[in-house]
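Pasting the structures here.
Here come two complexes built around chain A, the first alongside chain B, the second alongside chain C.
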Partner chain A sequence: MAGVSDGLLLWGALLLPFGLLLVAAAAASMSAALGDAAAGRPVTGLTLVQPVQEAARLLVVRRRRTVHPDALLWRVGGGTLFLTAVLAAAVVPIGQTPVVRYEAGVVWFNAAETLLWAALWLTGWGANSALGLVGGYRFLAQALAYELPMMLALITAALGAGSLDVVQVAAAQDGLWFVVWMPVAFVVFLIAALGFSFWGPFSHPVGADAAGGVLAELSGVDRLVVLIGRYAWLAAAAGMSVPLFLGGGAGPLLPSWLWWLAKTLAVLALLVWARWRWPVVRVDRFEEIAWVVLLPAVLLQTLVVSLVVI
Partner chain B sequence: MLEVILAVALGILAVAAGVAVFVVDSMARATYSLLLSFIAVAGELVLLGSAYLGVLTVLMMTVEMAVMGVFMIMYMMNPAGLMPMSMVHNKRGALSIAIGAFVVLGAGALLVPWPAREGEPPAELTRAIGESLMGEHMLAMIVIGVALLATMISGVLLATARGRYDRYGDDLARERPTDPVAGGVGR
Partner chain C sequence: MSRFAFARPHVLLIEAPGGSGARLALERVLRERGCPLADSPADADILAVAGGPLEQFADRVWEQLPGPRARFDLSDPEYAAAELDGAAGQLRELSRQRADAASRRPPLLSESDMDMDMPAGLQMADREPDRDGLQLDVLHLPWGPALPWWPAGLVVHSRMQGDVLADAQVSRIGGETPAAGFWLAAADSVGPARAGAAARLDSLTRLLAVAGWEAERLRAQRIRDDLLSAEPPAQTHQALRRLHRRVGRSSTLARMCAGVAGNGGVDVTARYRQWLTDAVAAVDTGADPPAAAPAEDISGLLTELLTGTELSAARLLVASLDPWLSGALVSGGRRV
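Then we have the complex of A and B:
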């Protein structure tokens, strides 16, 4: 296949889901620790394995049924979350080499992210529950808000490197990390990452005011699959932010994959921390903020980068 | 060999999902069958070496179908397939047009003497597409872009029930607009 070359294709494709699961589990542990700290409970080693306990619990818990669910779409929607996270992570260079080196890797990542629009809506729709559907519609509205600013943020990084190939974007930051002269694009990307992971301030689609929204009717293993998909997307977003804005695997002494991992975990910690730091933003409010503030800001950023590149 | 198998499999998937659009009895299933069909076509594009166009097709179609699904369900009387419904109207006419178009296009594909390939595809296809679109036809593209944007803005303006006089009062003197749903910026 043209456009796909010299990645770690075979072994990488086999190991990638497990690697992603590990980083996702790290995110879940961090969140558990921050949650316990916020609640005033002591954070112990047991806190860190809370996600594993919760996963085991969800595995044995019996599924709750709803009346006339569209089970096919419901399951497809839930499963798509983790699948697309793996697809997105496939083009992220782990150190220097991604699992799939793709000529238009930046757009690939974006395309995998848009599949979340379908996944979340289907998960909300499938249960045949009004609350789930409300959550699904909320996610679509939220996606309409963050998508364009995020696309421009991605384009800005690609513009700075003169390539849509993520490896070349990372390589172009040899002297200066993009975050230094594209701070707005970086922040917008992080906001969008919280948005498409429906996490923290942007968890309105699963908001408590809608009894859990998309998650309302999910139980047992179905719920586990969706939650894993969500943490996996947080991990994939953090992993992608490193080659886009933080110099990829560049760093002294240590091997490049270790630098990539360290930076990824740092960004991931920031994203997880955001959940315990900021309240939920209602979608109708975020809509205006995104179109009136974020979009012009990131457009200006793109303009600045275009002028510098020329 | 692997590519041929993949191409055939994706082709069958595209056609089967396309047929499913008209067979299933729920708007949600019809919408997302159509999306599956488009994604299979995008896979064919990737196989053909159009790295950029392939993923772009997935991106555009997913967003489009997700938004379209909302409207389909909003306007259909039978959104969830709770009552029998059909995606096909004027069955005989539609069938004859479809079969006629298929025969004409299929015959064309088989009977036209295709020219042999001259030259090689460029090394960086994405760049080549960008240059052919944005190089010589830059002016046309920009004009089309502005025209589309103007159409969208006028469409929204025509559709919206509330204008600035509703929001800011007859003499536009209100400090803060009276909106049924307040925005996030506080205008």
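Then we have the complex of A and C:
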């Protein structure tokens, strides 16, 4: 890989999964707090350790076999979720420096995300269950809706900076954050983040109406792996939105990594809150919104940005 | 360790006909303790059957719980908390769970059972023309009370092509006890207005769950439970009006439900908005407003509307007919 920064790479690569897990756990805690509030329970310290509790439960619960599963692809699908989230997070500059500096980091992030198409579908398919398969296909249809608008949103940010290097994109926002003059691209990126994390309004692939869809047959550690992967993707998406649209680590007084973290947690809170704010957007209806509204809107945004850049 | 892990066990709650009281009591305890309702047997630690044993059916679901696992039948709402405590205790009994695990048979048939027509003893999908006239796989599937938020005792047998119900046949399990009995008793104890409003919120709860709106589902449950308690907190009416505003005016929810199961100009959106309006009117005026049934023959209407819908629309449709399918209301809007 061209442009790898320095010897910190090894340490970064070792610590990155754990860092990602921490941010992912923060997302799960925030969601648990909002859930307790909606149910009318007091939000206490115990609420915040709920994700740890749930992880412990899933480690105790036995794995399950369905009749004649495609076991290999089933497990591969689940494991791919967290793996790709780590890969995507590797190019996100934590403050100024990413774990891996890559000249086409924006494309790398997108490439890691597209692997989710396979990951989710295989997880749905592997169980040999109608509900899982329905969930898997729902995700494919959903991806068909958010993928193109998201690619254009990413390209718009890269266009504004004149570089596909995430560090350069962040640096180009010196003085004026991209979110100010590319609001549509930012919103589309957040919608896509909810989409590929199959979270909240875009959790149709794991919807209660299909008894959990992709998750319907998963128990124990298999379920845990998929859930961790999902939160990790939410975290990676929030982390990526900061260098793309929110000025990266720029900010007064505090060190840049702290600014990055603060902005990341703020975006993460927004994504988590969306789950409790809106009902599920069914895939067939989202398709229409994505192609008729989101795509033309973000295309227009790209056009405006290219005119400004020229 | 297991005390920590199972502090909030996940519960798969199945309602048998006539089990409304037990289900409501359990839902309340689970909400107050923060125990999630499982979407499927795979996610459940405890299987709870509200209002009756449903023997063979519940046994088949029980087989699918991964374990550690526990189960109970609840017929008297009084014992909801105690039964749940007992089941949660069983989850932590190591010897009991070991014995249970040792006695289980694997779901797999051996590879020697393989043949071309029935791999692993499973029926292969057939192939038939779909709604657009293309050849597509067909799978025969029953949809029943093990699905979360499904009306008690209802079974829909369908030929599935992808996630589309190519046709549907409606049948019943667990007897014909309508839910109206419970709501009548509730009307006697808390008054017809509060019982009527709570009944509508109960249906709304299921619709919101199927529509994937957890926050408002929990709030609707809370208001329902408060209305049915002996002395509802002072802010209950205000909470109900807020719910009416948020859910009734949500354009996202309206768009997701619009045009689903239209029958004489009434679709799913119109139905849940009517429930909200009726519930608010009931607590405001102190009288239970009558509810018009969508058809004389509700099973017939269901069969007709289900045919050709895809799964998520079908679920919304079933949820929107819940008061009549569960027997909480009978034709003509009179409570039995």
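By our rule, the second predicted complex is superposed on the first by the 303 of 310 C-alpha atoms of A that agree within 3 Å, B and C clash if a C-alpha of one lies under 4 Å from a C-alpha of the other, contacts with A are read in each partner's own complex, and residues count from 1 in each chain.
The working rule: a residue touches a chain if its C-beta (ideal position, glycine included) is under 8 Å from a C-beta of that chain, and two chains touch if they have at least 3 such contacts.
Treat the numbers as computed from the prediction; the structure is a model and nothing was measured.
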* **Fit or clash - chain C, chain B, common chain A** => fit
* Scan A:W117 for contacts with chain B and chain C and give back first, second, both or neither. => first
* Have a look at where A:Y137 lands relative to chain B and chain C in the superposition and call it first, second, both or neither. => both
* Asked: By residue count, is chain A touched more by chain B or by chain C?
  -> C
* With the two structures laid over each other on chain A, which partner does A:V293 touch: chain B (first), chain C (second), both, or neither? -> first
* Asked: In the superposed arrangement, which partner chain does A:E147 touch: chain B (first), chain C (second), both, or neither?
  -> first
* Considering only touches as defined above, state whether A:V107 meets chain B (first), chain C (second), both or neither. => first
* Structure fact -> For the superposed three-chain arrangement, angle chain B-chain A-chain C (C-alpha centres, nearest 10 degrees) equals 100
* To do: In the overlay, answer first, second, both or neither for which of chain B and chain C A:D70 touches.
  => first
* Asked: With the two structures laid over each other on chain A, which partner does A:V281 touch: chain B (first), chain C (second), both, or neither?
  -> both
* To do: Could you say whether A:A210 touches chain B, chain C, both of them, or neither, answering first, second, both or neither?
  => second
* Least CA distance chain B-chain C after superposition, rounded to whole Å? -> 5
* **Shared chain A surface residues [contacts with chain B and with chain C]** => 68, 137, 281-282, 284-285
* Asked: In their shared complex, at which residues does chain C touch chain A?
  -> 1-2, 4-10, 31-32, 34, 39-40, 42-43, 45, 64, 66-68, 101, 106-109, 119-122, 139, 141, 147-149, 160, 162-163, 208-216, 218-219, 221-222, 250, 252-253, 255-256, 310-313, 315-316
* Structure fact -> Seen from chain A, its contact residues with chain C in the complex are 34-36, 38-41, 50, 53-54, 56-57, 59-68, 130-131, 134, 137-138, 201, 203-204, 207-212, 215-220, 223, 275-285
* Structure fact -> Listed in rising order, the residues of chain B that touch chain A in the complex are 3, 26, 28-29, 32, 35, 46-47, 49-52, 54-56, 58-59, 62-63, 65-67, 69-70, 80, 82, 121, 124-126, 181-185, 187
* Touch list for chain A against partner chain B, complex -> 1-4, 68, 70, 72-73, 76, 102-104, 107-108, 110-111, 114-115, 117-118, 121-122, 125, 128, 137, 140, 143-144, 147, 164, 281-282, 284-289, 292-293
